[in-house]
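Quick one: this structure, given as structure tokens, is what I'll be asking you about.
Note that the chains take the letters A, B, C and D in the order they are written out, and that residue 1 is the start of every chain.
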Amino acid sequence: MIRNTKLPLLMVNVLFLMFFTIFPFSTEAQTRQAGPWWPNTEWGSDDQAGASNRITPQKVLEAMSLATTGKIYELGQVYEESMPLFGSRSYSMILPAKGPAFADNRLVGNQEFLATQIGQVGTQFDGLGHIGGEVVMENGATEFVFYNGFTAKEMDTSAGLQKLGMEHVKPIITRGILIDIASFKNIARLPNSYEVTVEDVLGALKRQGISEVDIAPGDALFFRYGWSSLWLQPEAYNANPPGIGLEVARWVAEKKVTMIGSDSWCSEVIPNPNPGLAFPVHQELMMKNGIFNLENMQFDELVQDNITEFMFIVTTIPFKGATGSPVRPIAIR
Amino acid sequence: MIRNTKLPLLMVNVLFLMFFTIFPFSTEAQTRQAGPWWPNTEWGSDDQAGASNRITPQKVLEAMSLATTGKIYELGQVYEESMPLFGSRSYSMILPAKGPAFADNRLVGNQEFLATQIGQVGTQFDGLGHIGGEVVMENGATEFVFYNGFTAKEMDTSAGLQKLGMEHVKPIITRGILIDIASFKNIARLPNSYEVTVEDVLGALKRQGISEVDIAPGDALFFRYGWSSLWLQPEAYNANPPGIGLEVARWVAEKKVTMIGSDSWCSEVIPNPNPGLAFPVHQELMMKNGIFNLENMQFDELVQDNITEFMFIVTTIPFKGATGSPVRPIAIR
Amino acid sequence: MIRNTKLPLLMVNVLFLMFFTIFPFSTEAQTRQAGPWWPNTEWGSDDQAGASNRITPQKVLEAMSLATTGKIYELGQVYEESMPLFGSRSYSMILPAKGPAFADNRLVGNQEFLATQIGQVGTQFDGLGHIGGEVVMENGATEFVFYNGFTAKEMDTSAGLQKLGMEHVKPIITRGILIDIASFKNIARLPNSYEVTVEDVLGALKRQGISEVDIAPGDALFFRYGWSSLWLQPEAYNANPPGIGLEVARWVAEKKVTMIGSDSWCSEVIPNPNPGLAFPVHQELMMKNGIFNLENMQFDELVQDNITEFMFIVTTIPFKGATGSPVRPIAIR
Amino acid sequence: MIRNTKLPLLMVNVLFLMFFTIFPFSTEAQTRQAGPWWPNTEWGSDDQAGASNRITPQKVLEAMSLATTGKIYELGQVYEESMPLFGSRSYSMILPAKGPAFADNRLVGNQEFLATQIGQVGTQFDGLGHIGGEVVMENGATEFVFYNGFTAKEMDTSAGLQKLGMEHVKPIITRGILIDIASFKNIARLPNSYEVTVEDVLGALKRQGISEVDIAPGDALFFRYGWSSLWLQPEAYNANPPGIGLEVARWVAEKKVTMIGSDSWCSEVIPNPNPGLAFPVHQELMMKNGIFNLENMQFDELVQDNITEFMFIVTTIPFKGATGSPVRPIAIR
């Protein structure tokens, strides 16, 4: 840790030189360099809100203009023990035993205890502390770096992150666009490991009568793969899902949206067609662009009513220092 | 348990007779009778959504008409270890150790584990399974009864309630009215154990230029006691707060609102001036009228901008079988 | 709840009469009557330690006389995420992220968070609050009754039992006898749902050179079914195991032992050959006789060294109000 | 991370040279060097059991020879919500609601959910993964190093340690010696922050009629400060306790004992008289010598019977990858 170690000046120079010799700037297989070289995000080097900064009052009003009937659509799932839990995650909600009633009004009360991971448990909003990358620093050591150059060393405590926690994410009320890939492909559910292409996305938009140029900064884009039909079949649901890859991720980033979402457990194609990459879409969107990702959604009611553009609302729970949040996303039309 | 015990018919009749002789209908100190005698709620004997049924599309549109600038106001608190926890409640959010980075893109990921009560932990939405009362049944035995006559015997499992769980509460988007009692009283914070009267409520509304008759079914009413200024002083915050009593609770119920909320940990005055009653406002609103209660709010930004009428949004997390939910309530104006 | 309900005297008498008429004393399918009629255990009506009372200093010395080489044998399993968890149980142990080192001695520390059920999670010691039965009381109502007549009404709090908690179980150091049914049957593992008979038990003892009359009050008896060979195959392990039934349970109770144990998840045969009974051995031993039960053991090292009689040690963790404990049982020979 | 970075050979040599120039071997304020220079422990470079290796069959027999009456003494505390919890630790044990009784035998069952830290929660056995130190590696980077040179990088996973977990600690049955400092000092409780000296230790031993040379490898030494009398006064208990410092720690290490223990929350004096050191006794014993530490004990019954030498038993729970364990230590005399 360079802060604790006083290297002679000569040595630092040698290391510095070596660094630039050995480690070229961000290729596909290496993340961006941290420190002074980390490009400022558009919201400044202290920013922790990422693309939720795009939710301006003007954007809220624009979103509301899409809600003309007042009908609310649920876009999330119910949280229950039988939902698909990934890996060794657990979800235990315990209803404690009640003591006797008390007072003249014979009061009885219930309250529960919840013990669970947040990430990948139910409808799941990924915050900016969720995914980062290891980068090589000037001294040859490596660091774990997240959005806006914050490092694990300055973020981590046993009780949560000191930077990029969920308390920094702003309420998201924006224009939502459902990009219904499954319907465009005319199938109920995309096959396992299918990578959705930009061509698919543009085709789906066209089918829905939405022009690419209509996608505006701050919008929320939702990809429907038809995957949520497997929700209560955990094994099938957790198996390699279809999803977007780096091509669509970069298209999304260029659109300067606030967030994406999907009806699978990770939004991106698993495994990535490039076998050397693990969750590169997560890195591209969250770490590099501050764009959020909402997983385990469902769009059944929207599809039934043929709605693809709507007022979208998601209010993440501000758990201080958390990397994600359970949420109840809704659409209004 | 009468269902498991076959009493001779004569005996049942004797018990039945005794029941009506000995136990008159709901007095102050006894809750309503369960079973066939439980008055249907206005939404039918199977209803589990309570007053969230009042959120109609028309109500949503009406609420949106109040949002003219698009500015969002936070009405909740951040969830953190230093928040006031009542009694023996605990809130532990643990950030696990990271393993090494992996794949060519050197991915690193964080996710946390959460172990906590839901009830009384941070900004807290009380569901209908939270508070009930003990009633005497026809056979002389007692039952724990909740909203719409559901009993603990039919609701309780170790993993949550089979009835009245949070999955039944609808998203709430409605007209919100802040009733600023502290400002009406011209003090920063009401004193401990002060019972807010209907006269106080009407005075506060008048001061704000809102007429009592303007309060419409489905609205959400928020009482500001100035108590949230004690938020990070747990001992003072948890001490006996001011709040509404049964007088205001009944006035609220007559207005057929969807929910109330406040900037204290229980919304109601503690202790109740009637020393024999424990949390009677909770019983009156939730158990008898299906009206929800949102605690540990704060109205700082609203007061600063002098806003007392607004579009209000709260989307509870649908934890199946839970009695409450962490939430992030917001106002839009 | 009879305490809260004043029935006219006549009525009580009528009920009392009916009670004795309708409900005969403890048949197979009904548990013993609670209250004044509950037979005192041999340790008095206040006793909460059950058969651990049999561990006298004399018994400890007797046990130690069996340990002549000082070799320790492990009789439990390691607790890990991949162990067989029954039903919806979860076991999460989280190692939190470390902050930076501090002080001149550059201290770093780890500590973990544990979220888990105790019951049926790993090697599991069943306490006396674990299993009870519903009995019909004098007024026709029913109560949940546990060892020594303690009722759920007087025991239950949301934070544990007020009676019969693990803090009352004494350290158990006694003579242990392994009854190796699988070896007696000359098979590696008893088949699913095989009920071990008294004849099997006596045969196994005889094969081991132990006489039935040698079994003394306070001893600990361990049944080996060969089931632990399935330990890391959760599905097979959790499937209907062989075990003792009511015949052996009553034989065990007559021997006045302190506890039994086995290498399956419940020690008793599943399902019980009488299809109307659920876990009757648990009820017979714990509820009626205060005899403890230790599950998910393994006897591999004992078998390897051909040891069937030994000094046995198990020290349950005194979690106040708990119904069980994780333990590390050992034998010394 | 040197494993991921191929430095040119010249560079490595330069760094190597610098390393030895700049960083002398273990001074007070710097921990030992890791890697090839880490001195092997006496049990080999793969050892993870530390000083529990000293519990040989011979040692067990020697311990048993001290138990002549068979009387058992409890040396731990009951685990309950009101116990002193340090910092932001929490201990929640929840008794779930019961469903209805079932089957003809009307079975009812209880089991609880436990959510808690292990470290510093009740009577607490510190494992070897609990405390380490940051050391400077050959490349100038730093590593977190634990007993026997294992590093955080090779140990850490989100679900526990891959090395030095509690599953490696052997059952401890050995000679226990109570060193009653408080009685030697003729006071009920040592004052806050008093550092116990070797002179104190020798004086206490002499008072008890035990010669220093009688302390044998593998013994367990327990220091009584009189601090457990504050147990249910969390604020006073958690305040700076008396305890041993580095002088006694080194004396302890030379004796080659298996473990120490005490009736305070950390066994060592807080703060250390050297203001630059944080928990140096923990580092000295655990990290450097593999000697375990048992905290939050009580010796009331031993003192009452004037027992200072005894058979000692502690069987840690083998939670895989854990850094500590709740335990129920006992003495037999």
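Quick note on the criterion: a residue touches a chain if its C-beta (ideal position, glycine included) is under 8 Å from a C-beta of that chain, and two chains touch if they have at least 3 such contacts.
Only a predicted model underlies this, so the values are computations on that prediction, with no experimental measurement involved.
Chemist: Measuring between mean CA coordinates, which chain is farthest from subunit A?
Modeler: Centroid comparison gives C as the farthest chain from subunit A.
Chemist: Cα centroid separation between subunit A and subunit D, in whole Å?
Modeler: One centre to the other, that is 42 Å.
Chemist: I'd like the Å distance between the centres of subunit B and subunit D, where a centre is the mean of that chain's Cα atoms.
Modeler: 46
Chemist: Using Cα averages as centroids, what's the distance between subunit C and subunit D in whole Å?
Modeler: Each chain's C-alpha centroid was found; their separation is 31 Å.
Chemist: Among the residues of subunit A, which ones contact at least 2 other chains?
Modeler: Those would be 1, 81, 88, 92, 94-98, 101, 110-111, 113, 115, 117, 142, 152, 156-159.
Chemist: What topology does the chain contact graph adopt: line, ring, star, complete, or other?
Modeler: complete
Chemist: Going by the contact rule set out above, which residues of subunit B touch subunit D in the complex?
Modeler: 1, 4, 81, 88, 90-92, 96-100, 111, 115, 117, 152-153, 156-159
Chemist: Once bound in the complex, which stretches of subunit C touch subunit B?
Modeler: Spelled out, the residues of subunit C in touch with subunit B are 1, 4-5, 7-8, 11, 14, 18, 88, 92, 94-98, 110, 113, 115, 134, 136, 139-142, 159.
Chemist: Using the touch definition from the top, list the residues of subunit B that touch subunit A in their complex.
Modeler: Residue positions touching the partner: 28-31, 55-61, 64, 67, 69-72, 74, 76-81, 92-95, 98, 101-120, 129-135, 142, 144, 152, 156-161, 167, 170-171, 173, 276-280, 282-283, 313-324, 326-330, 332.
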